[in-house]
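What follows is chain A paired twice: with chain B in the first complex and chain C in the second.
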Partner chain A sequence: MFKYALQRIFYMFCVFMIITLMCFILIRMLPLPVLPPEDPHTKVVEMRREALGYNEPYLVQFWLFLKNIVTDWNWGLSEKLYFGQDVWKIFIGKLPATMIVNLYSILWTIPVGIGLGVLAALKKNTWIDYFISTATMVVISVPSFVYAFLIQYLLCYKLQWFPFLMKGGTDYFSWAMFKSIVPPILSLSFGVIAGFTRTTRAELTEVLTSEFMLLARTKGLTKAQATVRHALRNCFVVIVPGIFGEFIGILGGSLIIEGIFAIPGVGGLTLNAINGLDYNIFMLSTCFYTAIGLAAGLVVDISYGFIDPRIRMGSKK
Partner chain B sequence: MTYEKIPAEKFRFVQENEKLHDKELQTKARGFFADAMIRFSKNKSSVIAAYILLFLVLYAIFVPFISGYTANDKDPMYVNYPAFNSKLAPYGIMNGKYVMGSQNDKSMDIWYGVGEETGKNPVIRVVGTHETTVKKRGKEVVQYTYDIEVNRYYALGIMYRNFNQADYEKLQAWQNETGIQVIYPYVDPEDINGISDNPNIWFKLNSDGTAKKDENGNYIPAYSTRADKQGFEYNSIRIDGDPGNWVYSTAKSGSVQCRILYYNYYIYVNGHEPSYIMGTNVMGMDMFTCIGLGARFSLIFAILVSAINLTIGAIYGSIQGYYGGWIDMTLDRISDVLSGVPFVVVTTLFQLHLAQKVGVVPSFLFAFVLTGWISMAALTRKQFYRFKGQEFILAARTLGASDRRLMFKHIFPNAIGTIITSCALIIPGVIGSETSMTYLGIVDLTTYAGTTIGTLLSQGNAAVTTAPHAMLWPSMFLGLLMICFNLFGNGLRDAFNPTTRGVED
Partner chain C sequence: MRKMKKYLALFLALMMLVSVLAACGKEETPETPDTPNTPDTPSTPDTPDTPDTPDTPDTPDTPEGPEIQEFDPSLTYTYNTSVSQLPTGWNPHTYQTADDAVYFDYTTDSLYTLVFNDEIHPLEGREAFDGYVIIPSMAADFPVDVTESVKAAHPEFNIPDSATSGYAWSVKLRDDLKWDDGTPITAQDFVDSLERVLRPELLNYRAADYDHGTYSVVNAEKYSNAGNPVFTSFADMGTTYEDYIANGGTDAEVAVDMNGFWAVPGPDGQHDWGYITDDTMVRDPAVEDENGEEAYVSAKYLWDNYLGPNGGYAGSGYDLAYAGVISYPYEAGYSFDNVGLFVSGDNELTFVYNNALDGFYLMTYGMSTQYLVRTDLYDSCLQQTETAKGNVWSSTYGTSMDTSVSYGPYKVTEYQTDKVMHFSKNENWHGWTDDAFTYVDPEDGLRYRMYETTDVDIQYVKEANTRKQMFLAGQLMTYGLQSEDYDQYRNSEYYYATPAETVFFLLFNGYEDVINQREAAADFDATTTDLQVQMLESFRRACAVSIDRERMAAEVSPARQGGYAFVGNTYIYDPETCAYYRDTDQAKMALVDFYSIDLADYNNDLDAAVAAITGYDPVTAKEKFAEAYQEALDLGYVTDADNDGVSDQTVTMIYAMNGEMTDFYRKTLEFLNTSLNAAAEGTGFAGKISIEASAPLGNAWSDNIRNGLMDTQLAGWSGSTLDPFGMADTWTDAGQAYWGQWFDASEYDMTINLDGADVTMNVRDWALCLNGSMKTDSNGVEHNYGYGQTTVDNRLTILAEIEKFMLTAYNCVPILQDGSGSLLSQQVYYIVEEYNPMMGRGGIQYMKYNYDDAAWADYVASQGGTLQY
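== the complex of A and B ==
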């Protein structure tokens, strides 16, 4: 199992490097922003570019890029949005806002989602099940920004329960801050709840009809005991990796939700970098999102193997 | 009587000269697709979704042609205005309703004045009255403010506009022809306490800015009679009560300035009354048309993307699944790498590199194709693994069928139901991503498609408090489209899945 995990990590690292290389070359191929000729910084920027090998072949540039990262974790300087600042520092400064919103969101959505799923599965083919399943279907189809609009209009504007945008400042655990991030949390939550409800319901329905459940009841367990100790445990084989994946996704955030509620997070930074053509920030964002995507997949895969002994087949390869 | 003793001549053949055949089945043959259709039609929610979907698709196809507006009709004044139709407005629907808070007596006089002058009363009803007591020169004075519902189209009222001689005469000729009054008599700012920025004041004012009224409570007109200041000659219809000496314009260097009723001016410019049944957006475009335009683009684009991805994915997945082994492994690694690249990054890079060379839409399409086929390939591959070991393939191979024949004549047709139905679930995904990208402004399709749902949403979001309709309609359309596509796709998938056959019966 350990060997399998190591293999997968190594493989993920290779994929990550290939993607980074591709994106790096594609970004370096873009025309550089024109520097103002009289600006005193121009000479400095030009010298920096020289040092970073902008006139060398792309592979050499990539080597220098990697060397800078490995030796002193230097991701370059912002050339447009935050002129002359360290890209990594800007980026780290944006992470907490994204994380806090996502963390609150999944902290309450996962229990609710699983609970609704269990309820629907236990009450299968009753009106409760029909209602939950239909609602799940509807909620999962509608994109999150539609909820964001509705929440912003109804809760923030009409009822004025919450402020319109996220509060500024870095007091992430104050009450005012919490109140101001309720709308984005809600907007993010619906989809996650629906996703967990659907998975849980599908899994649990299948497990509940299997024969070991009948055995459990036959040997004298009550329905509650059988469900909690046998059915749910088997059902978690599928759900827990999903939870892990979700936790990795905390870092990623949503470009759109961050835009609507003015969350000073990673998504907004990426979007600004794209619109403002700040290539160094964009490169870092690319690496970051790629790493998160790959890591989430990896964690899901490996955790399957750890949780369920039946799925450890990858190790035999 | 014993049976052994039956004489031979008593035996007779049942049939002697005719051949026996299997009887033809009396039941009707039911093919795979017919069966799927029957099972699909049993799924009520999917059928309803299919009908709504049909309606939305028809909307997208026909509305841009029949609405009377195009993507180029951008009205400069009717911006973010609510729904309006002059035929339905008297019944209280589509009446351009907009709530204005805290209007004092001065503003109320102007609102009623607009109705008095133009015959189009902007005030629909007074929603609330607030009483406040303020101290004024040592005395307590009660002041009233009102919350009113106005028709924004009528409330725009009169505005100043400058014309050169030719345009001015053309407008007069049009007035004479149609009998619709566009140009209203000019009011000199000197006659209305020097107010020169509100063309809607046409009546005499008190010193505090409220309207001066005669003993019957009517407004007293303050129209200019200064013939010396008049611009070009006015030889057209005059408003009621005009003694004949009211002046309809004032001279500005080389042109005239006049007061025009914008509602009627709109008729002059566009040839019809304003009729925006979903209101207008921030560009002054008709939302009803815009949603049709956006949806049309989204649907065509999504179908195109799905078709391309389906083709690439099917071929790629077939090769993977059929050959297996190291070919499968290698191709799988390639798709692993491609699927690891975040979609935002792909779209951005394609836009930056290719938009100048091949255009915005093709580069957007490439971005979708680059990663979109992977799920299709995985699906096809799975189906191939399922079928390739079965006896009919062995039989075909023994009879000498080539690889290509086995793949595309024997295995692929078996998998096609599953693959095509998954297309119905991929289309909403493509529409969702497309909307997100245009919403974020990473891809700008306005010059190509007129507008898109994503663009409409981002414009609507900017004015969410003043013009909620601009955000509501596109969100509703998008939400409904996605729900219906998913319900429809799920229904199709279940119907085409032979393992669920007979489960519900």
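== the complex of A and C ==
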């Protein structure tokens, strides 16, 4: 297992470097905005571009980019969106708002989603199952921003239960802050709940009809005991990667939801960096999410072995 | 382990329960009140292109008037507003967007400021609040002309020997100027700040605002450009390439203005030009195919093939305009001591300008000191970054509360990136106790201090829907209406229409060579499609009268109104008196003549005649379409093979889209197609006119129009509110006008009667002449009709004649006058209903409150939390 993990980490590093280089070159290949020749500011912008080395060979620029990160953990300064500011500080400063909303969201969506899935599976082919399954399909078909607008309209505007926007400040665990982020949490949750419900129901339905479940019942276990101890554990081989995915998703913001509820998070940062050709912000967010994604893949793969002892990593047999 | 799981499950369940209960708790007033849209703060006017020299106003009297009504200091009045992009940096030396400039509206001051005219600040001959006056703000008094003394004492400023006034002005500063922490602001701070914005190695974006142009101080350009090369065209040098070489010049000094001539950057990426010996290839983005012809060009290539003695443009004039010599006129290490701003006495500044200035323009543009920074803080924020090219300077000044400092009415007291910006009163601002910052309310006749607002809260709100709901819930002060809102709110007593500068024209493509090339393309089906008909004047005239502009505005873009002229409704020709161009007889007559209105039908009432103009005449449209059809048949543009009297080809115009298809574009295309085809019914073009959307082109849409690759757009220029005359230059300049490639204004002569004598010049020369250039008329007499060179009446006459000429040229037809509409919260009111392009409706300076914050919260609650507008 250890050797396997090391091997994967090495491959991961290679993939990371290739993606980083590709992104570094691709973003620089996008044409810079054409500057109006009659605008007196054009001269300064062109001189600054030259001073920043934008006209140097890509590999020369890439080498300096890597060198600054490795030797000084310096990801550079923003040249467009947050002019003159350290992009690492900007990114890290915006991450908590995204994380807190996503964290609250998954804290209740996972148990609710799995619970509803279990209920639907246990009540298969009853009105409860039909209701849950139909609702799941409806909910999963509607994009989350639609819920966001509906929730904002109903709960914030009509019922006035919550503020329209996330509260300002960094008191993320205050009551006022929690109240202000309930609408985005709800908006993010419906789709996730539906996803877990559907997966859990499908897996559990299949497992519940297995022969070992019959054996479990015949040896004297109650239905609840058999379901929790045997059926659910088998289902988790499929569900756990989804849970991991959700936790990793904590770090990635939703462009639309964050926009609607004014969450000062990282959602949209990458897209804005591409649109604004803010190279350093784009590279930092790209590297960050690439690294997270690759690490998550590794963790999920390794987790299979813990959930299901029948799965062995790195085995050549 | 199992117990652990049970406890975990129980914990999660409890968390969920707590969350739900929390969410359903008792309603509370949001801690941070959230807000609306664009505040009605008057914006800083654009710099006009033309130098102007109005008279200096009289020294102001000490404001006198009724007793001042002081506001209750225990009450808070928060101006809640919203933006779709919060400032991310507000360093006055580097900011680049209007979003960032929002910060300056609240936290900065100026030497002189504009206020409405009233009993306290009278303006002769004008009703109260019908205009504005300039009053000293950071300055203690009006500027004093010291040209003679500075000329004698400071030869380094090179004030012309003949100059006796206007070049040097001294300003005494107030003694009580302070930063928001109470530290005094001195005259030296202004000088040090200008030095920093111009410092060459900092490459500050805003340096260009102060180092060139009409209002620049002497030698600022030399300091900020120290050591930089300069391209001077042969035309500007008054020589030719051959003469230059014959006089000892070498090819090594000769360069091509690649940006000007070919719209590509120079080979070093830093300059617009390249030496004619340099064969470094540069990508031309206008050629889509990377392997296409001339997808890459070099300075040498352009010289050899076009601009050089053997090039295709030799002797065309382009060779003189776009080829020239590189020189190094800016001395490296030039001293700032030679720059025309210095401390001349006890808290006194002296400005020395490159041009003579006076009056309004001197005190607004010439003495703009937005570069003022707290220099110790500024220096601590500078940082150097290593780049592939060496090092480059950046600054964190103005990026957070710690790196910000105010010297205006408010100071920032809360800032969270992309979230919120909150301002509170800057108690150290002089205006809170200065009686000059008072006014007499036109409603109750009482005298109040300006700035009743105690706090300003700016929230980031991205979605218009959210803004609307927040506004209706009393959390925002204004709401900018969306298209779908107008039916409901247009007649609200809280609705305000705000005109904007731009007139949007429907453009026509007249670039015959390119149109023919497009028709000759392999994938073009000439049997069903035509591009050439749009070049016919009869067709354009038919289009012009086919469109009901007011209906179009109502259906497509309700915030706007019909546009009928080249110059919009908001242009002021005399900033001293706030006089509008469109209100002049000359401007009115230009429209009456163009739209063939018979004044006799309106009892010679010019206003009534202008008011009657609709620009919509379906009968004439039909006649013109019929005429165009016959003309098109004769010229072979279209055919009628089946003799059904209808063109076989559909006249097609490609609408250059600058973005994705939006509701506005969809409605625009629908309306135009419906209108044109309805008017063409019964003619050979019945059902055969089609305006089609292109793929999104981004900013390249305008180049595509200019190059004839696309045919039409609703486009316009905004110009400068205070300089309608400068617009004439834009319309007639081939480099700026959309039609520059196929319409040459210098080919058309125009005779204008001025002071009883007929003067004939070509239209381009008239425009240049109007903007200060000396031009020769058909009789060999030189004229200059720039500001101060002739009477205002003559200038208005010339502008009106040029406008009329451009209308009749039918390169485009005016369709919409830009504008916007908004609702104002019941919490506040404007003391001025009429919009003034310079003052708005007074903005936050004059905003009055019906309720303080606490009373407003109670009122909103009493209305059930949702207000009716």
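One rule holds for everything that comes next: the second predicted complex is superposed on the first by the 277 of 317 C-alpha atoms of A that agree within 3 Å, B and C clash if a C-alpha of one lies under 4 Å from a C-alpha of the other, contacts with A are read in each partner's own complex, and residues count from 1 in each chain.
Note that in this section contacts are C-beta pairs under 8 Å (C-beta built on N, C-alpha and C of every residue); 3 or more make two chains touch, one makes a residue touch a chain.
Treat the numbers as computed from the prediction; the structure is a model and nothing was measured.
Contacts of A:157 after superposition on the shared chain: both chain B and chain C are touched. In the superposed model, A:29 makes contact with chain B only, not with chain C.
In the superposition on chain A, A:286 makes contact with chain B only, while chain C stays out of contact range.
In the superposition on chain A, A:247 makes contact with neither chain B nor chain C. After overlaying the two complexes on the shared chain, residue contacts for A:19 are found with chain B alone; chain C is out of touch.
Once the two complexes are laid over each other on the shared chain, residue contacts for A:134 go to chain B alone; chain C is not touched.
By the touch criterion stated above, A:146 is placed in contact with chain B alone, chain C being left untouched. Of the two partners, chain B and chain C, it is C that touches more residues of chain A.
Residue contacts after overlaying the shared chain place A:274 against chain B, while chain C stays out of touching range. Judged by the touch definition given at the top, the superposed model places A:260 against both chain B and chain C. Counting contacts by the rule stated earlier, residues 149, 152-153, 157, 259-260 of chain A appear in both its interface with chain B and its interface with chain C. Those residues of chain A that touch chain C in the shared complex are 31, 33-34, 37-41, 43-56, 60-61, 64, 68, 76-77, 81-85, 90, 93-94, 104, 107-108, 111-112, 149, 152-153, 156-157, 160-170, 175-176, 178-180, 182, 185, 259-260, 262, 264. Those residues of chain B that touch chain A in the shared complex are 45, 336-337, 340-342, 344-345, 348-349, 352-353, 428, 432, 435-436, 439-442, 457, 460-461, 464-465, 468, 471-472, 475, 478-479, 482-483, 485-487, 490. Every residue of chain A that touches chain B in the complex is listed here, in rising order: 15-16, 18-19, 22-23, 26-27, 29-30, 134, 137-138, 140-143, 145-146, 149-150, 152-153, 157, 255-256, 259-260, 270-271, 274-275, 277, 282, 285-286, 289-290, 293-294.
Here chain C touches chain A in the complex through residues 9, 12-13, 15-16, 19, 22-25, 27-28, 30-32, 34, 88-89, 91, 94-96, 203-209, 212-213, 259-260, 263, 265, 268-272, 285, 383, 385-392, 394-397, 399, 414, 416-420, 459-463, 465-466, 469-470, 472-473, 475, 699-700, 735-736, 865-866, going by the rule given at the top.
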